[in-house]
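Below is a structure I'd like to ask you about.
Letters A, B, C, D, E and F mark the chains as written, and numbering starts fresh at 1 in each.
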Amino acid sequence: MTISHRLLSAMDHVFPAPVAEAHCDGPCGVYDPASARIAGEAVLSMTKKILALDMSAEGSHNTYSRYVAIKEEQADDVKRELCILWHDYFKPEHLEAYPDLHTIFWNAAKQGSTCKTTVSVEAAETLMGMIENIHNMFWESKGRDIPWYTAS
Amino acid sequence: MTISHRLLSAMDHVFPAPVAEAHCDGPCGVYDPASARIAGEAVLSMTKKILALDMSAEGSHNTYSRYVAIKEEQADDVKRELCILWHDYFKPEHLEAYPDLHTIFWNAAKQGSTCKTTVSVEAAETLMGMIENIHNMFWESKGRDIPWYTAS
Amino acid sequence: MTISHRLLSAMDHVFPAPVAEAHCDGPCGVYDPASARIAGEAVLSMTKKILALDMSAEGSHNTYSRYVAIKEEQADDVKRELCILWHDYFKPEHLEAYPDLHTIFWNAAKQGSTCKTTVSVEAAETLMGMIENIHNMFWESKGRDIPWYTAS
Amino acid sequence: MTISHRLLSAMDHVFPAPVAEAHCDGPCGVYDPASARIAGEAVLSMTKKILALDMSAEGSHNTYSRYVAIKEEQADDVKRELCILWHDYFKPEHLEAYPDLHTIFWNAAKQGSTCKTTVSVEAAETLMGMIENIHNMFWESKGRDIPWYTAS
Amino acid sequence: MTISHRLLSAMDHVFPAPVAEAHCDGPCGVYDPASARIAGEAVLSMTKKILALDMSAEGSHNTYSRYVAIKEEQADDVKRELCILWHDYFKPEHLEAYPDLHTIFWNAAKQGSTCKTTVSVEAAETLMGMIENIHNMFWESKGRDIPWYTAS
Amino acid sequence: MTISHRLLSAMDHVFPAPVAEAHCDGPCGVYDPASARIAGEAVLSMTKKILALDMSAEGSHNTYSRYVAIKEEQADDVKRELCILWHDYFKPEHLEAYPDLHTIFWNAAKQGSTCKTTVSVEAAETLMGMIENIHNMFWESKGRDIPWYTAS
């Protein structure tokens, strides 16, 4: 089956008078550090729960393995979500206001890795602080005042 | 859309004294309808952008295909994130306060599918309204006052 | 477990004259609880194998970690596959015949989570029973007689 | 936090008297060609629906893009599920009974690719025939009699 | 229900004379065994690191679980990447030059599974040898001389 | 593009005496820009094939949609693979030798996005040039001489 040329030219009539976009800053323009924050909270929660495990209890090894896997996955999500902000939201014009932009994201990603290789509440809280810092920088750059909160 | 200043100042009273959670009853206890909201916003944004496309412009078919794929993926994320809330956060004891719980989630998931099979701003806005409703129900069930906002 | 010969011969009557579907009700109209059943069987199998592990044997900790991860993944697949049936196949008109529809799926999803957080043959067998129940309800709703079987 | 040596040796007591596995043929021993069959049915369904699309109808380009993406994904699933059977279930001792084993799977995988690159009912039906053939070979190799059926 | 011998022998007539494709370079024509090699190196590296772990050190169980999960994932990647070469790159006309093609890929995939179920440097090195062999066969089939190297 | 014979014979001298790595710097220490290069080649290949499509040919819309989806996925892989190098391989001590490290990766990621939003051979070739540059920087930082090649 093919789409005839008639159909292709018919499309000109189907999508009439498109609204001009004054500016567009990415695929969908929906960026929100909340995604990284939620994953960061899960990293912190899992870290605390791993440390609190009674390893002599029945099923504790199942729980331990699961918690490590969830911590791993969520730390990965933090890194990926931060990358989206760094790659896709922030642009060269932001560098003047935020000259440490690259270092901030680099360090946060590396802290995500630290939360994987350790089981440390301090490391996870440091990561959360870095995400909060990025939250503030992000919303400031958009001229909006979105308060930081945690879900847990 | 922004959060009104009245709500923002109200939050000053909420955050210094967050409701303590006596216990945590899940893998990580970190649930937040913001994940569904962000995906829902992307569905709405993509829908608007698809409708606004000038199909005679160079590369417009590339853009059209990409936008449909992103809309598809994000609508899927809405459905998955809502499922997590329904499966894992809400428990039998919530049914008394929210007797329509199942119907609310069922309809929202089906609305996610509608946003896939159509290119309709109305469908996407209906989905956003359903997510906002779930946001309100969720935070009320936790006794917290987290204002609704959108990132875009 | 096998399919009884009685059922097998009954199918000879079913298959030559399949119920025609008058209309198509979804993206592809291909729904089959077998997907959830296969994942459920893997959950049960992994549970039994974890319990049977000789933890003093060489490599047993590698095996233990792997089995927990597979159990986790497969229980997740059960939940996801059931969600597809609940979201996309079942429609408001089914509620009259199956008034407990929502509760059935909610409980099955929660049982999937129980199979993650425990290493319990009883929990996994309960999950399998719930999937079999959904299998029967599903095929009955389509007016077809597909016998239940397990692959393992 | 560490697990003390005391705990490690305690594990010897936690997992007592493991059941010896007489034989074990893979991670979980749950193989079922139904997974490939369900994906194959979706490929066939999408192919038919693409060919039946009225491209002048509103939203038809959204539908077309979605159907192609679903066909792509499902054909990929066919290939992956068949690979699992070929890699993990079938063993050298099966080659005597099924000397064409490799060719059968190779051709089926290549047919999966053909279903991606074309929109052809004939190609999709050929794929379904190959999956049915594998279904028969698989269950025969296990000495079981599981009838072939399709869900759609 | 079984496959009749008649059908099996009929296939002998179908498969020995496949329709020759004058040339076909696949979806993108970009095949490179380096993808499998990189994943194979990670399997080998993780295997060595698991064996070198001091399980009495703080955090060693977190590390152990993570390494097993990474080994699992990377061995899966090896199998998947090899499948792409076998399915999509190699064609019937290659069988004359490489009559053991199917066996080579089958054994390599099974070796990938062995690297999952064991923690064995020997198994991982055997896998690497198989990948190197495929690297040589692949580039030879393209008439190119790409030297084998490892990144680690 | 091929590797010149001069380089190939030069490698004979490089490989028998690989630089020993005194320490290991990550989860597995296996980093290789080849992963990004392979994905980048697929982006370039898909771009060329999209532009070469005869849209009046049967099935061309299926092909167009598939190629855009593959281009999208592969450009995403480029971004992800580069992120792994930036996050996990490069360390503060590399900044002295490569003061533009952050900008190089930032621009390459943004170029990956450009290859998604456009169908431009020039954009894809620019991306390939950036990946080659990273390849050179990466191997130089390890004191190794791995020649650049492309698989297609």
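One rule holds in what follows: contacts are C-beta pairs under 8 Å (C-beta built on N, C-alpha and C of every residue); 3 or more make two chains touch, one makes a residue touch a chain.
Predicted, not measured: the structure shown is a model, and the values here were computed from it.
Undergrad: Can you spot which of A-F, E-F or B-D is a repeat of the A-C interface, where more than half the contact pairs line up?
TA: Repeat interface, by the over-half criterion: B-D.
Undergrad: Check B-C against D-E and say which one is joined by more contacting C-beta pairs.
TA: Between the chain pairs B-C and D-E, D-E carries more contacts.
Undergrad: If you average the Cα atoms per chain, which one ends up farthest from chain C?
TA: Chain centre farthest from chain C's centre: F.
Undergrad: Round to the nearest whole Å and give the separation of the Cα centres of chain A and chain E.
TA: 33
Undergrad: For chain B versus chain F, what separation do you get between their C-alpha means, in angstrom?
TA: Measuring from centre to centre gives 36 Å for this pair.
Undergrad: Using mean C-alpha positions as chain centres, tell me how far chain C is from chain D in Å, no decimals.
TA: Each chain's C-alpha centroid was found; their separation is 16 Å.
Undergrad: What residues in chain A touch two or more of the other chains?
TA: Touching at least two other chains: 1, 3, 11, 14, 27, 50, 61, 65-66, 69, 116-117, 119.
Undergrad: Sort out for me which residues of chain B touch chain D in the complex.
TA: 50, 64-65, 68-69, 72, 116-119
Undergrad: Sort out for me which residues of chain D touch chain E in the complex.
TA: 1-3, 5, 8, 26-27, 79-80, 83, 86-88, 100, 102-104, 106-107, 109-110, 112-113, 116-117, 133, 136-137, 139-140, 145, 147-148
Undergrad: Which of the residues in chain F come into contact with chain D in the complex?
TA: 59, 61-63, 65-66, 69
Undergrad: Which residues of chain A touch chain B in their complex?
TA: That would be residues 11-12, 14-15, 18-19, 21, 24, 27-32, 34-35, 38, 41-42, 45-46, 49, 66-67, 70, 74, 144-147, 149, 151-152 of chain A.
Undergrad: Under the stated contact criterion, what part of chain F meets chain A in this complex?
TA: Chain F reaches chain A through residues 27, 55-61, 79-80, 83, 86-88, 102-103, 106, 109-110, 112-113, 116-117.
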